[in-house]
Every structure is written in C-alpha cells, then in structure tokens.
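Per-chain residue numbering starts at 1, and chain names A, B, C, D and E are given in the order in which the chains are listed.
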Amino acid sequence: MKNYQIKHSDLDGWLEKIIAAGRRVIAPVTEEGHTDFRPIHSPAEVAADDQVQTIQSAKQAAFPKAETLFSYRKEGTAVSLDQPAPESYLQTVVWRARPCDAAGFTPLSAIFNWDYKDNLYNARLARTTLVAFSCQQADAYCFCTSVGGGPGEKKGCDILVTKLPSGKALVEVCTEKGEALAALAPGLFSEANAVADDSPLFAEKQSALAQLPARFSKEDIRRHLAEAFDSPVWREQSERCLGCGACAFVCPTCACFDIQEDPHGSHGRRIRCWDSCAFALFTQHTSGHNPRPSQATRWRQRILHKFSYMPERLDATGCTGCGRCSRACPVDMNLLEHLTSIAQK
Amino acid sequence: MDENKAAFEPRIIAFVCNWCTYAGADLTGTSRIKYATNVEIVRFPCTGRIDFMLLLKAFAAGADGIIVSGCHPNDCHYTSGNFHARRRWIVFRGLLDFLGIDVRRIHYYWVSAAEGAKWAEVVNQTVAEIRELGPYTEYKKVANYIEETEAAHE
Amino acid sequence: MDRLIDNPYLPYVMTVERITQEAPGVKTLRLRFKNPEEAENFQFRAGQFAEYSAFGEGECTFCIASPPTRKGYVECTFRQAGRVTSGLSRLEEGQEMGFRGPFGNTFPIEEWKGKNLLFVAGGIALPPMRCVIWNVLDRRKEFGNVTIIYGAKSVADLVYKDELKEWDERPDVQLYTTVDPGGETPDWKGKVGFTPAVLEQVAPSAENTVAIVCGPPVMIKFSFPVLEKLGFRDDAIFTTLENRMKCGIGKCGRCNVGKLYVCKDGPVFTKAQLNGLPPEY
Amino acid sequence: MSKIGVFICHCGENISATVDCARVAQAAAEMEGVAYATDYKYMCSEPGQQLIRQAIREHNLDGVVVGSCSPRMHEPTFRRACAEAGLNPYLCEIANLREHCSWVHEKGEATTQKAIDIVQGLVEKVRRNQPLTPIRVPVTKKALVIGGGIAGIQAALDIANCGHRVILVEKEPSIGGHMAQLSETFPTLDCSQCILTPRMVEVAQHPNITLYTYAEVESVEGFIGNFKATIRLKAKSVDEKKCTGCGLCTTKCPNKKIPGEFNEGLGTRTAIYVPFPQAVPNKPVIDKEHCNYYQKGKCRVCEKFCPTGAITFDQPDQFITEEVGAIVVTTGFRVLPTSFFPEYGYGRYKDVITGIQFERLASASGPTMGEIRRPSDGTVPKKVVFIACCGSRDPAKGIPYCSKICCMYTAKHAMLYQHKVHDGESTVFYMDIRAGGKNYEEFVRRAIEEDKVNYVRGRVARVYERADGKLVVRGVDTLLGAQQVEIEADMVVLATAGVANPGAEELAQKLHISYDPYHFFAEAHPKLRPVETNTAGIYLAGACQAPKDIPETVATASGAAAKVVSLLSQDDLVREPLVAVVNRCAPPVYSTCVGCFLCQTACPYQAIEREEIKDRQGRVIKTVAKVNPGLCQGCGTCVSFCRSKAIDIQGYSNEQMYAEVNALLNHE
Amino acid sequence: MNNWNKQIADMLADGTVALVIGYEEGSTPQKTRPLFCHDAVAAERLVMDGRCTHNLAVYLTKKELLPAEGRIGVVATVNVLKSALQLMQENQIPEGRFLLMAVGPEGKLTELPDAESLRQYIAAHPLPDNPEVAALIEKIDAMSREERWAYWQECLSKCVKCYACRAACPLCYCTRCIVEDNRPQWILPWASTLPNIEWQINRVMHMAGRCTGCGACYAACPLHLPIHLLTKKLTQEINREFGTERPAKGNVLSTFSPDDKENFIH
C-alpha cells in the first residue's frame, strides 16, 4: 500500500471530502469537557487533537451496543422472518481512532469468526474504515507497548496518520478501504516513500510518537496466569469492584453479548446487545445456581479470558493496552497496576 | 383545526380502579350516555395498584394519551390506595416534566361510581385535548430506535 | 435490498406438530420444519442441543430430545420456569416457532459399540439421554447390555411415561425407576429412594461399561463417587453441562468454562475432562 | 395458556345493535392462543352457559374470555360455568362489551374495532392467568370485647346469646361505663341505672361471657379468625374467690377522703373501694396510690377486718393470653374537664361544673342523693347557666366537630333542674340546637315551652367571679343583634366536648387499626362499613368512633355483634384469592424480596409480615416480607410500590396487566 | 503515620474490628479509591481528605466481601454516614455490625456506633448544597418542554447501560433489580434511548425520598451523564410537596397525607 504526506492544515479538508461523500463519520467530540466518539457532520465538530483517548472504543462501528439480528412477523399461526440488509449498514469512517482502537478489531474479529462466521459483524466491519492517528502522548493508564501494540502501530488500521513535527503528516495506507478514502481528496496528498525501519521518515515518525516503555510482556502474564486460578490475588484485586459493566463496555475487545426480544404486538425484532462478564447474573442459571458466584470469580474470568483463554483458543490477546477500563472504572481498578502485580508475582 | 388533526384518531388507554371509576363507566353505559370510542379501559383493583411503568409502556406501545382515574379522596374502597397513588403521581409527574415527557397527555381524574355522566365528559374532553396535541410521535419514534447513531444519521 | 446471508442467529421456522404434557409444568414439543428443503438438509447427532424461539419472548437452550434416527422432526422437553419457557408453553399445535441448531458436540456412540451402557438420569434431565437411548435402541444389536436408572421427585414428575413403559416391557433393556421418599403413590411399583442410592444397589459391573449421567447438580455430585466406587474409570463416565447460553455458537461469552466453550466443546464431557476444568459449571 | 375460548354475547341486541359480534368472534379466532371463538345471543342464559361448558370440554380450553356485559354483572355467573366444566374459574375473564362499548358508542367500524381491542387485551391477560383456589382461614370461635360500657355490654351479650364465647375486658373495677353515671336519659327521662344494671348483672352471670375487670389489653397479634390477645389483669389486692363482697373493709378503711371517680370528684371514696353500689363485680379493689399500706408500709386495717382473709397485698399483675377470632373495640370516650377552659376559669370556680358532674348531682345515687346542690357550699342554686358547645365546633380549640350529644343532654339537664328546683331559673347558651332523632326535637321544645328554660343563642365569652363571689356569665345574644348579655349564676354547667380517651392512640397501634386526627377510631367505610375497621376481624362500636348517644351506641354495638356472629358462625373463612404474594424461589436467592419492609407502611391492612428464612442449622439467612392472605384485601398498592417487583398480586399480576396494556394497542 | 491510622491499626490488631473499609491513594494524585484493610499494616495506607468521594456505604450490603464474624470498621465521609443510616432504616444493615468512624479536620477519629450517634453527627455536619447542580437544574427547568425532551434524549442516548450508576449507589441493593425482571420485561435490557430513559425513570423513582444526594451515580458514570440532576430534582420536588421531614416509618411513597396537594387531578 502507498504512503502519502498531507499538511496538517489539509486534514480538515480531507475530512470534509469524506463527509461530503456521504459516509457516516464518527470522530472524537468534546462535550462538557469529556471526549468521546460521536457522529459528526463537519470537521469543526471534531475535538482538538490534544486528548489521549476517547471514553469509548471504536468497536461500536462494527459491534454496536444494540443491533437487530432479524425481525419477525406473526400472522395467525404463521411466522415470517426478515433479515437486515447489509446495505442498510452505513458506510462508516472512524476518524482519528488510535492505534489501540484499530488493534482491538483483531481480537474482536477472532471472537466473531473463530468458528461460526458472524456475518452481521463482518458486514459492518466491511463497511467501516478506520483512520487512526498515531499517539503523540500517553497517560498513566496506557500500556499498549506491554501487550504488543504501540503508539504508531499500523495493525488493524485502514489508514494511519502520524502528525510529524515538520507540519506535515505521514499517511500510511494499509488497506484498500483506506486507499479509497485517500482517493476522495487526491489533491491534498503527496506520495511518500515506504517507511522502512532505517529510513529518515521512520525516524521522523518515531520522534513524533509518545514514549511508552513496556512494563511487562503478554507472555509473562500468560505464564503467571497458568498457575493463578486459585490465587488469592483475584479476591484482593476485586474487593472494591462494584460489579458494573463500565470496563467491558468501553473495552475495544470485549465482545460478550446478550440476545433479547423487542416485541411490538404481533411483530418484533431480536436484538443483540452488549453484556458484561462482571454482572452477577451473566452466568446465573434459571435454577439460581451461579458458576461464577462472586465478584472475585468474575474478575478472574475477565483477566483469564483476555490474557490466557483467548491467546490459547483464538490466538489473540483480549487487550490492546488502551487503558480505557481503568479510566472508566468508578473505583479506580487499574488494569496496568493489576497486571504488573501479577507479572511480578 | 387543520385537517390532519381532524383526521387523527388518538389512542387512549384508561387505567381505572374497579370500585369507583370502572363502576362509574358502567353507569355511563347503563345511562346510555355516548362518548368517543378512542378510550380503552384497563381494570385495576385500585389506583394504588397502577404501576407508573405501565403508563410509560402504554406510550411506548403507541398510546397518544392516558387517563388515570379512581375514587375521590376518602372514598377509596381500600381506604388509602388513592392517597398513595396521588402521592406517586405528584412525584412521577414532576419527574416526567423535568425529562420533557409530555405530561399534558396524562389526565388524572377522580370519578366515582355515581359519576357516569362525568366519565363521559372526562373521555370526551381528554380525546379532544389529545386530538389537539396530535399523535405522540416523538415518543413512538424513540421507542423504535435500536441502532441509535444510524437512526440519527438518517 | 439483498438480505444478509448465513446469519447464524436466524432460526429455522418450525411448526409445532404435537404437544405432550409430560408432567406438571413439563411439556414436549414435536417440531417439523416449515420448509421441506431445510428438513431434508437437517442432520444432528445425539447429545447436541439447539436454541428454541418463542417469538415475542426470546430464545431458550435445550438438548434435542428426539433421536437422530427418527427423521423429519425434532423434539424438545422443557419445564416451564422463565419467560421463554412460559412463551413456549403458550404455543398451541399448528403454531410456528423458531429453532436454531444443532449445536455442540455429541455422545461418542460409535465408540460405545459392543459396550454395556448404563444410563443414570434425574428429573427433567432424561431428555438429553432419551435421544441417546432411542438412538441406541434403534441400533440395539450394536451394543451390550442397556441399563437405565431414572429418578424423579415424585411419580407425577416422571417424564416420558409411555416410553418408560415401553422400555420396561422390552426384554433387552433393564429399567429402574425411582422416586424420592414421599413422592410415591399407593400403586407405585418402582423404587423409592434417591437416584445415587438406587444406582449403588442396582448398577451393573463396570467391566466394559460406559456410564452416562445427566441430572441436577446434586444428583451428579452424589452419583460420581458411587460410580467411582463401582470401578468406573473417569473416561468411561459421561455427562452434560448445563451452563447458561445465549448464542450457542461460541461468541456471547456466557458458557465458558476455562478455555472451553460448553456450546462448542460440550455439552458432553467425560468425568476425566471435567477433572481438568476449573469448577465454573 | 394456549387454548383460549372466546365467547361473544349479543345480549339480545344490547351489544349487537352497535357491535358486529360475529366479526369480533371472527377476529378473536385469529388471535394468538385462541383455539375457539363464537358468538351467541344470550351467553348468560342456560343454553349460552352450556355452550361455554361444552366448548371447554370439546376443545380442551385452558382459558376463557367472555365478551358480554360488565364483569360486575356476570363475572360470577361465567366463572361458575367454567368451574362446572372443570376449568379453574379464575381462568375466565370478562370483556366489557356492553357498558364500556356498545351502550356508549354509535354503531360503526370504530365501535366494533374497540370491541375487538378489548377482547384482544383480555385474551393476552388470560393467557397469563394462573389457576387460583379460594383462601381458607380457620376461625377461633371466641370474641374479645374491649371496654365494658353499654356498647361493650350490648355487644358481649348479643354475641354470647348467639352461643359464642366472649371475653369482656374492662379497665375499671366495674363494668357500666358512663351510662352507669347518668341520672336519667333523654328523651324519655327513664332512669339510666334502672335500665343498665340488669344488663350488667346479665353479663356477670352469662355462661358464655368471661369478664375481666381492672384489666387492660397488653398486645394483640394475629389476624382475622386467629387473634392472640395478651391481657394484663391488674392486681386488685383482693382475692375474688374468697371475697364475699360484704363491704366491711370499705367501712373500716381509714383513708376516706379520696375524690371518687364515679362521682366525678364530687364525692369521696376509700382506698379499698367498690366504685358504686351496683358495681359488677361487686367486690372491692385496693387503689394502691391512696392506700396507706402501699404508700407508707403501715395500716393493713382491711386485712384485719376481712372475715374471709381475702386481702392479698402481695398479689402481682397477671398476664393471660386469649385466642379469639374477632375483636370489638368499645372503649368509649370522655368529656373535657373544666380545667381545659381558661375563659371559664380553668376549673378554679367550684360551681362551674361539667355536664357529667351535673349528672351525678342529679342522680339519686349521687353525692347529693339527687338534689341539685352547689359543690362549693351545698346550697341549692337558684340560677343555673348551661353553656353548650364548650370546645366543640371550635377549630381554635382543635375540636372542629360537633359532639352531638350535648344539645340533648343540656336540654335534659335544664329540664331536670327545673323539675327539681321549681323556683329556679335556667338559661342555656347555645350555637344551634341539634335535635335530630326520634322525639328529640319535641324534647327540646318541651324544655323551652313547658319547663320555661331560657334559651339564648350566642357564645359565652367568659365566666368570672364578681367581687361578691357571684358568678357572672358574659355572652352575646345573636338573636338580639349580637347584644352583650351578662347573667348572674349560682352554678354554671359546661357541655364540654366529647373527646377520645387518653390511651386511644396507643390502643389503636396495638390493634393496628387506624384513627382519625382526634384519635377516634376510624371505620373501614363511613357509610357502608360503619362498624368495621380496616383490619379484618376488628370491629368498633359506641363512642370510641365519635361521640354517640345511647341508642346509637347500642345500635352500633349490636351491629358489630352481628358482624362478629356472622364471622364466628363459619368454620373457615373463604376469601377471594386475589391477594398479594411475595415471591419465593430456589436457593441461594430464596426470594427476590430484599427485606426493606418499606411496603409495610403502604399496606392499609397490616398484611405484610416478616419471615425469617433459615438454613438447615437454623441460622437466619435473610428476612423477607410475607403477605398474610388472611389480612390482605388485594388492593395491590404494595405491588406497585415494590422496587424489585418481589410482590405481585394474583389476578392482576404484573405480567397480566402488562400484557393487557400492550395488547390493547396491538392493532395498527 | 497519622494518629488515627494508628488507632485503626490497633483496632485491627486487637480484633476490635475484623475489617476496615476506607480510602487509599489512587492511580493519580488527584484521586483516592476504596481500600479494604484486613490487617494493621494495611491501615497505614488509609487516607481521608477532600478527594475521598466514593460512597463506601455501597460495600456494607455486599455480604460476600464481609467477614462472617466480627465488626467491620468504616472510615466514613458524611455522605457515607447518611447512606449507612438510610440502610439501617431500611433493615439492610443491623446496628452494631458496622463501626462507622469519622475523621475530623485535625485527624480526630470519632466512633459512631449506632443510628442515634449517626443522626447526631450528620445533623452537626450539614453538607453544603452544590450550586452547580442547582444552576444546572434551573437551566433545564427554564427550557421549553420540547427542549428538555431533546436535552435528555440526546443525553441518555449515550448511555451504554453499564449500570455503574446502580452499582455505585449504596441504596441500589435489591437482590433482583427491576431491569433484571423479565416477567414482564419492564425495561428493555439493551442500551438505546427509550430503554435508557425508562431505566433512569425507574432508578430515580425508586430513590424517591431515599436518595441522600451523595452524587455517587454521577461520579460513577463513565460517560459523565448528569443523571444526578434527576435524583436531585426529585428530592427538590418531594421537599417542596411533602416537606423535608421524612416519615419515621416507611418512605415518602409508601406513606401519604390526606392533605397532599395537587392541582392536576380533576
């Protein structure tokens, strides 16, 4: 794929073209001091590029918090079913995602396709183009480099934009979807060389990135977790956990969901919606028996699932180190801190 | 009144207690007093039994207006159900209004078992007022949203 | 607009052909595919489960209770407990409902050829076993002795009463039915006592025998040690896990036990396999 | 329920004239869950009912909706028909197509559509109905009557005469109450004691009545048919079995100057005393507060003189528990004392007395043997002023209500005075004369016209003592244009307001019955259930509800007794099962009730109890609410209050009502 | 170590309390977080200052976290005390099971062993009203109805139904929340505008007369939705309609007065 350069000042012009092309654009928007992905209709709505993270991840583009699986209609004793049309899923651009957002789609795709193919997710993802911007700053919650990512990592991106100190931005196009997006504003881009490890452009890109030394490795964690099932650490770490779903819902890789009914008399829809393994009722049987009866067992499931079971079964880690869960946690459960302590055990 | 409003037939659910208003509405019938067909009655033992969620569900299911009616104060068959209900409605109504839900669409009345004529008036007046307000589309629309941002994009 | 293809959440539309009231609150539905083409292509094996929809109420997970050897229909047996099972209970014959499946693994019946089979079931857990039993009985010659021990709270709670009678009358099946103490009626001819206790009394030799145990957790808990005492090896004891499920296809995250998905790697497990799993079932 | 039958009645032409019944039946047949639908001319007729019964059997229906007249009309009829066909009657619902549809709308599409909607709503409801069985509560065939005044006496006798056992509890040493204090009664002027005392004796001798005097109800638990009352028998210090009632002790007691309650302080009694000569039981008690021995440790004169050795100084209060099926509360009232009225001298003037004190003066058994004499000096007053509405109808005094009996007894007092003091002058200050009642108005007219009582319409501003020691009553005569009048008086009689007894509130709380702002007990319904309380099985009679005269008191007492008798005549109470239920589920949850018990105050019937759920070792796992089906009346207020929806009400369950509401709006 | 830390360490050491729930330093210097102290050593980490805003009373009803035997100490803010008192009134925590402790400005530890002492301490330490909250409510009150609807619709459309508001509230202790009841399904369980609005209406109605105004719901919301305005507004309405006194038994909505005034029932 090609690389381009674009002036910082032309980025808005490019975004305008994208909007004008009829795409639904989701971008960071700041309201009341908090920045989150929102649909926008003009570049002016986009938040200033000085924040580390949006509250939520970009996963909602392909895995919305609620979506229709199919609809039904009952007439007398008969039932007819209707499926969503993929064309009804809007062509979506996620503007100024972060590399850790992009990285999240790899484990998500693994979950949705490791066995049965989840074509609803796939159809939405196929209509989603991720324009990620390299991170120029990181905060105390970030740890992408410890789980195999990085502030300028291209994996999962359709386009990665890195604002260089020169006033130009490096635009690395990674997919054809990305190429199509760049093609919307040919006049704004100049071609750039491939970014090889020893090229000056690489050095320039590196210099523009946030510095975030790795604190541990995925492998460390996985090794420790293999023996940790009965460890007291789960109870210790989860004591203050309130059992809400904030961590799961802001997480770029959490994919647990519920299937529910939306009846409107004789017709209705079946809905898929986000769910969380932190909820007490998530696994509870109708009989009242609960395989994961305490918050400690649920916290253990969350960590083991992401860092042990998923790597083993899906060859993917369920964490991109974005730190959103820690920022969102009402009681300051800090994932980086907890993982570090596990890795140091 | 414009033509649309004239053509619009509001759908109204009446939540009534068994002992006063239901019986009052029976009296309207036995007195052969005519009223609009737009109102459908749901019988509860007492206004105290009427869960506020059922009102919201009626709106979500497509009601344009709601009548809540029970025994006059001090006349409750169960002594105090209507007092409890009244307190609940005071609080509930304040909250709905703060949320911008159209409280003009929920009409509260006391109709006793003897007030057959009042019931007919209550129905006709409510129907007329709801007709004037038009269909409660802003609520119904929201009730159908699933994929929010997509709906907003349209 | 073109519709989504291969939507794994889209059920088959089935017609309720027959409803049998098995016990108080327990019904069996026999379902036929509305679309004959789907019926033609449909295949499953003993032990697999499916998701059953009452439109307007939701989906619920049960095993397929009819044997794969009986073509053209599937059956499910369930106790009315929650919203969906109540919805399914409200269906009448001729009405249409949804069916998604088959999902999960199966009992390794082919590996059991030539072996003696011991079925131990409690209460509403006979259905998953019934599928295997009929499957075996339909191919009776391929297996050794067949012993069935089935217990329920009371006589009224025994399901598949007609079939129990049929099995009882067959010379090639040894059936023991039992009810919990206090659950018997004056004319009850079976045993009285908890299933594990009856198992201990009447179980055949562990020699060349496979035990299949399905029932409420407490029954399983007390049956395993009995089997162990009788000399059954852990890999000769089979059971099914009943973890909560939604999607049935390994995505929704509910049924995970350790790295396994009950909906994909189960629901059938040997005791040996369970020994290696975290106790989250 | 999966096989619903829908039966649409034409009601002759009452429904079919405006509703297309055949179309309603047709539409119903298409509804989900409906296995059979038909219409018929008269569903409530025998052939109509037969049609329902037959359909239930033939189609194996498990639910029925009858579209007909109001359920208030024929719900019992159709439910019975269902039951006859073997269907649980509570699986039948009525769609009101007549009163709520055909009779109130014109013929047309909208009317038929509304009928279809109503049926649709009830079909969805009935699909979620549960079979229910009427609730049976066993009845303890014994009644407790609290208060031994005329109301309690009457109620106890009425119940006992019907063959049921009665426990009568009186807090004073004798039964009789206020009526025993009265001289003569309006409007017939017959002697109060002459008509009362035979009844008191009857109570004492009745084989079905157990009388506990000098006793109070300590606590009451349980519910209708099954109350358990603990009664405190205050120590009388006299062994009733040994005492013969000879009265020697009362003559020997050295402490003779105690103001007697029975004579309203106008006479005296001893520390060991019988309140009045006709007392029942006629055995003395020792008033510990005034007894030398109890107070100072010395005396024991009575013990010395008692011929049977009945004095028992060391007797403790005893507690007994009685199981009863019903309770009648007849605790009566009291009148305000003169000290309540600053404008009439705060009780400082000895010759300003209350009406009940006047009764004692006028009574042949009273301190003056029936002669009207001033308390201050024992002279016969020549000028007496009676002031009506003392406190009553005066919001400023906190008593906005009318005490009801004062107009009549004031007229009686004036009349009695005129009969006894022929040259006396009596004046009555009144606001209005309320003499509604048989022969009442005539009685008042007689006082004015024959006995020449001077009636002045106006309020009395004050009563004061002139320097010469004469009382002066200053008021206005509103009939003379609000002219100020001043009248000299030798004695002033205040018709003070009737108020609740001091312990009324406490007793109400013990019994869990409600009371009004004046602490009078509240009836379940002021018109239709005037002698019942909101707590099933507890009844009211007499002046504990509000001031009442004797005939009304006796009438309510007999009314309450009739209620009790009809209750006790049943072996079991059979009640509609439309009651609230707190859910129970499998461990480890047991119930989704979280035990906040905020619902308890929402229940007007005290039907919500606490239940401790214990594990096998008997340790309490959680405490949750439980509805006592004997007390619950099925209003459902708790249901909509419960945050976690742990309470539901049978017959109007959350699932049923939700389904009905949604289904009504089903058609597009 | 502060004197009060020492005192608590001693209490843990001598078994006066089996566990102490308090606050420790958080991930960033701007915040603190809840801490469970099981031993005297951990007591050193306890802090108490203006940053301590979590309502620790939420843990008092979580049986799985609490030792079966022994008393449990809580180093509490006034908001925690208010919630704890409300929990006692609602039969959720027995008096005596918890030893609530307040830390005064000069580090003085006050033990509040029973409901009465809580009541007095709370009365003596009134919390000021937050003027920002009042101003926001006024702003919304001043809007037209259509504007209010648009405001809340937009606001609550963002809700993801993580139920952090519920989880953080000490008074949301139901065994089964109404959102988990599916017979009937009172509130649709997914996150979209109407179910979100319905959830908030229920949450707030269930708080009627119970909410102590601690703001934990808002503080917990990962999306920073101003849902505390709803409970605050409700409390204002209740105070206006029925006075600020709460019934000694029961609750504002489970009691009534025959004199309750309204002008909308005809």
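To be clear about the criterion, a contact is a pair of C-beta atoms (placed from the backbone, for glycine too) under 8 Å apart; a residue touches a chain by one contact, two chains touch by 3 or more.
The structure displayed is predicted, hence computed values, not measured ones.
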*Intersection of contact partners for chain C and chain E*: A, D
*Can you list every chain in contact with both chain B and chain E?*
A, D
*D-E or A-E: which has the larger count of contacting C-beta pairs?*
A-E
*Farthest from chain A by Cα centre, which chain is it? Let me know.*
D
*Find the chain most remote from chain E, comparing centres computed as mean CA coordinates.*
C
*asked:* Taking the mean of the CA coordinates per chain, how far is chain B from chain D in Å?
replied: 36
_Chain centre separation (chain C, chain D; CA means) in Å_ = 62
*asked:* Counting only Cα atoms for the centres, state how far chain A is from chain C in Å.
replied: 40
*At what distance in angstrom does the C-alpha mean of chain B lie from that of chain A?*
45
*Provide the list of chain E residues touching at least two other chains, using ranges where the numbers run on.*
183, 185-186, 190, 192, 253-255
*Could you tell me which residues belong to chain C and also touch two or more other chains?*
82, 92, 95
*Listing for chain D: what residues touch at least two other chains?*
32, 589, 602, 641, 654, 658, 662, 665-666
*Chains that touch, pairwise*: A-B, A-C, A-D, A-E, B-D, B-E, C-D, C-E, D-E
_Which residues of chain A touch chain D once you look at their complex with the stated criterion?_
74, 76-77, 265-266, 287-288, 293
*Along chain E, where are the residues that touch chain D in the complex?*
90-92, 173-178, 181, 183-184, 186, 206, 247, 249-251, 253-255
*Provide the residue numbers of chain D that touch chain C in the complex, in ascending order.*
1-3, 32-33, 35, 127
*Which of the residues in chain D end up touching chain B in this complex?*
70-72, 96, 98-100, 103-106, 108, 110-111, 113-114, 117-118, 121, 514, 524-525, 534, 578, 602, 604-605, 633-637, 639-641, 649, 652, 654, 657-658, 660-662, 664-666
*Complex interface listing, chain B residues touching chain D*: 9, 11, 13, 22-23, 25-30, 32-35, 37, 40-46, 48-52, 54, 57-58, 61-63, 77-81, 84-85, 88, 120
